[in-house]
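This structure is in structure tokens; I'll ask about it shortly.
Read from first to last, the chains carry the letters A, B, C, D, E, F, G and H; within each, the first residue is number 1.
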């Protein structure tokens, strides 16, 4: 059993690397959005042509990124969404809603100060974690039935 | 043709009332979440029993509210999501993602300062408006083919 | 907004009547299995012909009852499943699983002594109640946004 | 043709091992829930944090286990559900209902004394067996067209 | 609860009329194919233009009839398929397969001499009846919980 | 049985009016795109704000029109697509493809000179007509089983 | 591109072997029902226990066979259904209807004397062939774009 | 992550070869319709028998081609549709509509003079490109997160 995991949300810390490193030896395949912030913002305009209007600049980029995001979520068994302590992070919440509607198993990683604001998101999740290491523990348990010591 | 419209998001201004008032005479049926903030926060604990732990207090409430939200979105033709200028509003973005995955026609209402932060949400929308009146104009046009003068 | 509610599970107390009575005045339409125990057991053999073998007697009846159950669950917004304190009640748990897979909003009504044994069922539910009156409170809140006093 | 088989239900005998052993040489891939009872009960609290309240302890565990269960059922061609002669086994019946709603081919393994209580579950099944060996015979026949001698 | 019933299959006896007459007073809405044999055979050519080639004459007619058949089956809760004692009746078996794949509740009406030949069709059905009156009894029981005296 | 019919395609002749007039007395409900060409082109910019760039002017309009089109097609039993003898009409072919993928019953109305170019579209249709009157004949036949004299 | 092909229908000639032989070298994977007539009839009773009543004997067998048939059709890209010149062959027509409802590409192989009786089945097909060799030609063309010389 | 890409539309230039060449080294698998124009037109008649009537000649061919097209689109993550500057190209627009209804990520390649006529098609796309090279750039970015220099 290969578990397909999509890692959505915050892109300013190394939480994805921690999970991928921690999950070494487990039968997991990971996918994620492009985490190069500048490339992600500009991909539409760079590839498809410059836009005067900033709104359409952003729009073209967001639509190109959606090609990757949609596939990543659609193919995932588990969607992990991490909320950090900065920024609006509406794309993270959007991905969580998208994944929930598709019936994906959702794991949310969030600091406790966001608990109230994320209650609707958490209500659709199968696990709410605080640290990336807990996600690794879940993946190991789900695949091997082994709990952390 | 009755257009079923779900009004998601910000609950601190009268934007829903404006749209409903503006749409009088049109064949639209509206649904929305419970907008009584206190009732919405406490419904789980009041009905199903008090929780010591604030997290589970919130959780029980969010799950009861999900009964209404899911039905509202699932039955809608159009989901309007308004982002205000305060608060995290992750539930709004979650609803937008949920609606997008179900293939609903999304209309986002947002102030221009959120344009960049909402670009992934907007990329899934069929219209991005600034004012509730524009939503009314869209509903009238969609139903009657008539543009505002 | 009419809320369609299917009342599954225990058939030896008047909990359905309590909920239907309590929900008077609310825009709810109720459905339920045939609760006449003898008719429910014998419908297959009485209508389609006697079976020597008890297994097939039961089988024919269960299949005829499935015509009603499937429609009731498939059309419901909310599926309420009550577990009583007697009998195996595997059909109740089966209905809960069936409803969960269809994405229905599940409300489970159970005595606290069953909490551990029902934990997998409850994990798929949006509310776990102890009394029929709490189901009425949920329906009223979901439809009107009003909490019990 | 690889047949994907999920083995749900009773975890207190070696019936899964019997089937897996018996199916050696057949093109079958098996999946199953975590059958370490203690780990299964405590996984939520051990990984995600201790809960005072036993209900939430159980709830967190059941939700983590659902990640594995849902994937196992969703990917299966055949879901085998074994009912033993002890315990409530509502999770087994829940899995059967869940699998039925997804259109999976259901095989139920049950002692004859449960025939009446399981009639609604059996009505959704393609086979009702008494012994694990019969499941092996079915898998061999389905894959190779060969009957037991 | 209105039960939507599609009456497929044999068109040379008055079995549909018997069921509709018998179900008077029950909340059932019936649909059926066009049972005017000549109109059914010729509708394509009469409306859309004559074909030299008999194959295409038949094809055009069958496709026009499919508009009605598909809608009737897609909207039905229950699909009743009657096999008579004459003709190939492949369209009846086709409708049964089509309905089964959509998860409709199937009732087959067949003379006992066809039992062996219809075993795969019957395996997908919730009831196998011999007489139209039994279908009426099922509909009454499903809607009212009342068995025939 | 009400037949829901969406009338897609060419907007420069009165073919929709002919069908609606011809179908008087039949239980049909019709939907269609906005056929006021200027309003249809400009709706996005007029309601949501002027665009310098013609491409985005068109884009905003097309997306607003999609709210109506998607609902019309999604709710239809039958989608009629008329191809005229002028213009590119790619939106007509797009609607046909969209409807085909949703399993709608497609009726194409086309002049014979387009037969070769429309062969892939026609291959997904249940009827290919030359005149609006033939569509009326089909609707009457489907609903009443009566052929034109 | 591997094309998955299910070969349904007539089991009294070697048409499956002809197609499989003819398709050698093409990237096709074939599946089919159990074609050992006796095993297919008796599998239910042999594995799951003898039935006095012939009807239930047949029923148990048909349900076990359905495990294989459903998987074969569900996974197929193309479902080929061959109607021979003998027997009722209602299971063949049932499979065709089942496959059609799932949106599979249907190829029917039939002698011309069945053209009228099969017109509803053919109306759901993408090809109607007379000989197994034509099926091979279609598979080769679909995979390689090459026509027979 | 392998990206499955279907290349639909114009068959008179080497744009497919350009994309496939440009994407060398990327984890992409391509599919496309048969681009041998004569074979594509005649496949039905050559394999399944000559038709006097040109309409049915075309029809048989278009249906055989649909076996390949449907599989290609159904399995694709990304559907690229190129509109050239000649011919009606209704099959291209049909494929775009078909892909859109299935929720595929659409990339349209079109010369600017078609922008107005393609606005409804473009409104369903995630990218509108002018040159095949831009499609390669998108595929590389989606898979590797790297922008062209």
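In this text, a contact is a pair of C-beta atoms (placed from the backbone, for glycine too) under 8 Å apart; a residue touches a chain by one contact, two chains touch by 3 or more.
Bear in mind the structure is a predicted one, so any value in this text is a computation, not a measurement.
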- Message: I need the common contact partners of chain E and chain H, sorted by label.
- Response: F, G
- Of all the other chains, whose mean CA position lies farthest from chain B? G
- Weigh A-F against B-F on C-beta contact pairs and write down the one with more. B-F
- Message: I'd like to verify one number: the distance from the centre of chain B to the centre of chain D, where each centre is the average of its C-alpha atoms, in whole angstrom.
- Response: 40
- Chain-centre distance (mean CA atoms) for chain A and chain C, in whole Å, is 37
- Message: Can you compute the centre-to-centre distance for chain C and chain D, using the mean CA position of each chain? Integer Å is fine.
- Response: 23
- Message: By the touch rule stated above, which residues of chain C touch at least two different other chains?
- Response: 63, 66, 103, 123
- Query: In the complex of these two chains, what residues of chain H are touching chain A?
  - Reply: 1, 3, 77-78, 103, 105, 107, 126-130, 134, 137-138, 141-143, 145-148
- Mind listing the chain H positions that touch chain E in their complex? 51-53, 56
- Task: State the interface residues of chain G toward chain D in the complex, per the touch definition above.
- Result: 31, 34-36, 39-40, 42-44, 46-49, 60, 63-64, 66-68, 70-72
- Message: Which residues of chain H touch chain F once you look at their complex with the stated criterion?
- Response: 54-55, 58-59, 61-63, 65-66, 69, 83, 87-102, 114-124
